[in-house]
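Please find the structures below.
You will see subunit A twice below: alongside subunit B first, and alongside subunit C after that.
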Partner chain A sequence: MRLIPKEVETLWTLFTAPVVWIAHFLVCYIGAAIYCAKPELVGLSFSAVRAGIAAATVIALSLIALSAWLAWRQWGFGTDDPPHDDPTSRDRSLFQGFATLLLSGLSFIAVIFTAMPALFLTECIR
Partner chain B sequence: MSAAIKERSRKEYKAQEERLRAVWANPAGWRYWTSVNNYQIGLWYGSAAFVFMLFAGALALLMRLQLAVPDNDFLSADLFNQAFTLHGTVMMFLFAVPIFEAVAIFLLPPMLGAREMPFPRLGAFGFWSFFLGGIFVCGSIFFNAAPSSGWFMYPPLATDKELSGIGADIWLLGLSFIEVASIAAAIELIVGIMKCRAPGMRINLMPLFAWYLLIVAGMILFAFPPLIAGDLLFEMERMFDWPFFDAARGGNPLLWQHLFWIFGHPEVYIIFLPAVALMAMIVPTFSQRPIVGYSWIVLAAVGTGFLSFGLWVHHMFATGLPQISLAFFSAASEAVAIPTGVQIFVFIATMLAGRVIFSTPMLFGTGGLAIFVIGGLTGVMVALAPFDWQAHDTYFVVAHLHYVLIGGMLFPVVAGLYYYYPLIEAKKLSDRLGRLAFWLMFCGFNIAFFPMHLSGLRGMPRRVFTYPAEIGWDWLNLISTAGAFIFAAGVLVVVFDVLRPKHREPRGEVNPWNAGTLEWISEPEENWGVRSIPIVRSRYPLWDQKDLARKVNEGRYYLPDAEEGQREGLVTSVLDADPIQVLRVGGTSHVTIVSALSLGAAFIALTFHWWIATALAAIICLCAVIYWLWTGTAEIPEKPEKDVGLGLSLPLYASGPDSVGWWAMFITMVGDGTAFASLVFGYFFYWTIHADFTEGIAGPDAVWSLAAAILFAAAWGLMVAARTINRRGATPAMRGLLVLSLLTTVAASAAGFAGPWSPGMDPTSHVYPAIVWILVIWVLAHAAVGTLMQAYCLARSLAGRLTPKHDMDLSNVVLYWHFLLVTAVITFAVIGLFPAAM
Partner chain C sequence: MGRYFSLSAASLLLASGHAGARSVLEPVGEEAQQIAVLFWVMLSGGALIWLGVVALLLHAALFKRHGMNERSASRIILWGGVVFPSVTLCALLAYALWLMPGLRPFTQAMGSTALRIEITGRQFWWEVVYHPPQGPPVTSANEIRLPVGERVELTLKSADVIHSFWIPPLGGKMDMIPGRTNRLSLLATKPGAFRGPCAEYCGTSHALMAFSAVAMEPEAFRSWLAGQANPAESAGASGGALFLRHGCGSCHFVAGTDARGLIGPDLSHLGSRITVGAGILPNTEDAIARFIARPELIKPGSRMPAFDMLPPDDIRAIAAWLRGLQ
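Moving on, here comes the complex of A and B:
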């Protein structure tokens, strides 16, 4: 079994990092919303929610970093510069790699944005 | 000798051209309206949306007149309510979203080097649905029956029949009908962009317009279904008193706000991105160079598409949600500024790197972006919860949203109109009138809307129909009114420019702006899109492939002929656009109009609770759709392959994931699954807000629910088996399995129904039984459609239209069943087991 996936020919990899962002966002939002609505459900404190958000954030950032590394590899580790507009499968693949890398960057920042409220908020105030 | 060959090939060429022209020709006389060609549909769609826009603009002027001076009595309070509700509704649902669908249907086929969209009849159906729904909604104001609770229809005001009247039903049903059209367009666009590009147009060479539209269509798929689910709950409350939003019986109005804004915020980007897409075509042309940062635009489009789904609660900052929830949405709202900004910088960089020609389209485009940037900045302000608490529901928000929408959408659309007009009539619009219109609109807009920031900060709430004199809002409002009329004068200049007769002007050149993308080789006089389907090797083929236009028009590329008298295009692979299939698309037909009108009639009859008329219209619609499918889809071709030219021969039939029909089903069901997920979200929403959300009411019987889940799984297994053995040639066994599966589905539905029925759950008593019933009804309705599909496949097989080799129908139906299985299992697990687990 290999740890790092092979390069695949598909459009879907482009969306990996944003999908991780949305999953992280939903986990944080739904988790906090359920906790604030029913704090007695699991009997934990708000610190546990914050720790959960921290854990989710670490996982999300690692997944995005992995997606970024795969994208960097598909981009040929930056050997070619954009615009990648030759009519070849190679340039098409380089373009995909580069665009995926950019999206990974944006998603990475957006995940950090989403996690930041957990740094400052210490209770379910309304 | 060579002269004789030349003469013969010239004759052959003429004959080919005649055949192709005849196949794509429009019918004459009144039958013209039965056309399904993307060119006509796009034009009608766009014109209708534009007329709706003018109507909604006139309503805005009435509102501005009313607000011009304090204590005015020009409009009554009720008429004012109807005017602003209809203004917002029409601008959003009948102009902003449809106009982009129109532009996309009009432009995409020539831009991608395709003949047509993959499902032209679906496009026509979408148009007629939109047109009818639009007239119904707009017309209501002339009977003093327009919706009057604001364009987002908040309960409990809008669920109160005394206060909201029939207008709310007109809103809900009219717009649900139009949402059907939007989803139809989304299917058409996604499949068209992914599978119908010209050979060689790899995804790194695709015009940016197509990239944007692909993302937008995907967004529609996830944004509109929650609203459809919300409409369903809403209408159940209004029609049958199911208390989804009635707090007294366990409901909660906030659920509507969630569902509405899960739709409503992405909607803003669904409107904005296509407008930027137009800019991404216009800016390179007038900078006379390729766009700088193509990949960055793709980043921005995809990034905005995703992030826009994490913003909806910023419309609900003032509803008392936990601060941590607000903060998540505030953070995402700030993050979305990044990809939005990237696009603006890409345009600026492209202009700096090229030599800008400041034409009318550029004027509208850049002027619009400047306005948009101001709106974006106030957006960053209101994305901060503490600021929003101050500005919420004031004219500051009115100013913000108009800066975003008019700058980010209306101005670029007018830019697009001036830019693409030569594709409609082979003539340019007037440059002089265009500039006059721009300056009137630009100045008028700012005079009208900038003071609203100030009146908002001075505390003027939105939607008030008048105000007292001494409160300090009067002169700001007077200025706004003056500006609104200047702005309207600019719009009228554009209207005049479009409508003024131009037959005395000479025909213009084919590519008057010297643009680089493929749509500029199509000629308005021809209906075929492209004379032959080219091989593309560049992002700007007209700049880089010098003899492309000539060779396309000489019919030297693919499919220059229509020997079999069929409308044909190519299907190509997703990534590299290798040709893989010849796609035969439907031609001119009445069936699209009949099905749209009957569906519309069903919705309208439902509004007035005319049950028999509703049932009749629905049956007519069902018959029309079945006739449409039977006669126009999954046809078995007369030969397996066809020579498409340049020595290439391609199959005429594909089934499963290779076929466009399979993808259409997949995309439809993703949208359908999103609506279902919204209902499940509702179920858990009620669970979170109550200590005991069942209120002690006995839930559905667990045994019946379990039985239903198992029977649905069995029916699904039988469907998969039917598909498999059909491919092995065992036709009679396949028919047997279909019948068996159909019977199992009926049994499964009965068991599912028995679940909530046996303990006598009354949906009007409390929200818990209501949400359980709505989930069960959702599954049962889908199961009913599933049985229709099974019967249809059986009939197709008996009629010899479904064979072991040609099993597209069965393959698509099995795909439907995959989704039905997931829906049924989740539903029965949730309603049967969750209350027991809690």
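Moving on, here comes the complex of A and C:
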């Protein structure tokens, strides 16, 4: 699977996981805020909000895992050790793959931390 | 000079007036108890990790003279720098989140049998209205009494700027935000008198904005509340007449008299409170008289004008009358 042609050098793959983290954060916080401010507008129970957060979390974690796998592949499955600091396009690609892999790990943990309150909170508190 | 003197006198009184006032580390409330346990867990965990890091540092500096191969160094970074912090933070976060519903137990407290106390923060004092399950509301100021062993719901508001309500040995803080009603519930487990400070900077006299909180046995609390619902009798009626003649009643309310002002604190039972001036002076005739004469010396930025143009005998008579409103 290749979303971007190999000859195109782009930094976008690097940002994929953090962008998923941002999107998940906004969905969780804005969703909960709207529900708690105007429950009658949404017309759902708080359990539905928690289920929505769970679904968003599963989607976000899957996307981040996919991004991590692609990064792992770009990094050559760890065949070369960092630092990838030669001025060659190969090292540039390996460096980007490794950096993406690390950012994916950070985003994965961050998404879990963002979602954890929904495990324990059972009502809107105002 | 005078201002500095009176300010330091006030802080001395603050310290002595509440000698033995409990802190967050001596909890007597259900919420504060959990917060204290959380604090000790965090402190011991932090201390252990700090000791571990320092031990590693000493080990590296004193005994580990030769380098480490790249493979074991990477392994240390992976386990010590990624896996361990992530797992530890995850566990701590889970523990803190698990505590949260217990720290903010609202739905259980919402029963119609619960006492509700409405508290409004004002620069620089607290308006307190008790809403008992039966009977009319009871208004007071700068002192909050609550029954031991019963969950009380607090409705927190602000009339001007952001204040924050806090009784350290009973529970956590909750902000009072203009235009918003925040809710807090507290359950005191032991009787006692505590000091509650304003916990959000609110202006010149923020540090001088406090209240007394008194947890009482339920029976004593109920008879106290019933007493507060009726006007107080005070000897020295001349002081009462002077209070009205000098216009104090246009800002202050005193039940059973023509003093019907709503700008300043309700003084109906001032004599029964532990402190005057919102938690900063002991409740004595002398302190009341000093406050009447020069409020800005005791509480800079206070909206109450100075009344030191009154004859000193009048001020003393008013102070004696107010002190007698038990």
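Here is the rule we use: the second predicted complex is superposed on the first by the 118 of 126 C-alpha atoms of A that agree within 3 Å, B and C clash if a C-alpha of one lies under 4 Å from a C-alpha of the other, contacts with A are read in each partner's own complex, and residues count from 1 in each chain.
In this section, contacts are C-beta pairs under 8 Å (C-beta built on N, C-alpha and C of every residue); 3 or more make two chains touch, one makes a residue touch a chain.
Predicted model, so just to flag it, every value in this text is computed and none were measured.
Asker: Look at the residues of subunit A and decide whether subunit B or subunit C touches more of them.
Answerer: Of subunit B and subunit C, more residues of subunit A lie in contact with B.
Asker: Mind working out whether A:I34 is in touch with subunit B, subunit C, both or neither, as first, second, both or neither?
Answerer: First partner only, subunit B.
Asker: Contacts for A:F113 in the overlay, against subunit B (first) and subunit C (second): which applies, first, second, both or neither?
Answerer: After superposition on chain A, A:F113 lies in contact with both partners, subunit B and subunit C.
Asker: Where does A:D81 make contact in the superposed view: on subunit B (first), on subunit C (second), on both, or on neither?
Answerer: Once the two structures are laid over each other on A, A:D81 reaches subunit C alone.
Asker: After superposition on the shared chain, which partner residues are touched by A:L121: those of subunit B (first), subunit C (second), both, or neither?
Answerer: So A:L121 meets both subunit B and subunit C here.
Asker: For subunit A, give the residues common to its interface with subunit B and its interface with subunit C.
Answerer: 109, 113, 116-117, 120-121, 125-126
Asker: For the complex, give me every residue of subunit A touching subunit C.
Answerer: 81, 105, 109, 112-113, 116-117, 119-123, 125-126
Asker: Under the stated contact criterion, what part of subunit B meets subunit A in this complex?
Answerer: It is residues 194, 200, 202-205, 290, 293-296, 298-299, 302-303, 305-307, 309-310, 320-325, 327-332, 334-335, 338-339, 536-539, 574-576, 688-689 of subunit B that touch subunit A.
Asker: Contact residues on subunit C for subunit A in the complex?
Answerer: So the residues of subunit C touching subunit A come out as 70, 82, 86, 89-90, 93-94, 97-98, 100-101, 104, 106-107, 182-183.
Asker: Going by the contact rule set out above, which residues of subunit A touch subunit B in the complex?
Answerer: Those residues of subunit A that touch subunit B are 9-11, 14-15, 18-19, 21-22, 25, 28-29, 32-34, 36-38, 49, 82-85, 87, 89, 91-92, 94-96, 98-99, 102-103, 106-107, 109-110, 113-114, 116-118, 120-121, 124-126.
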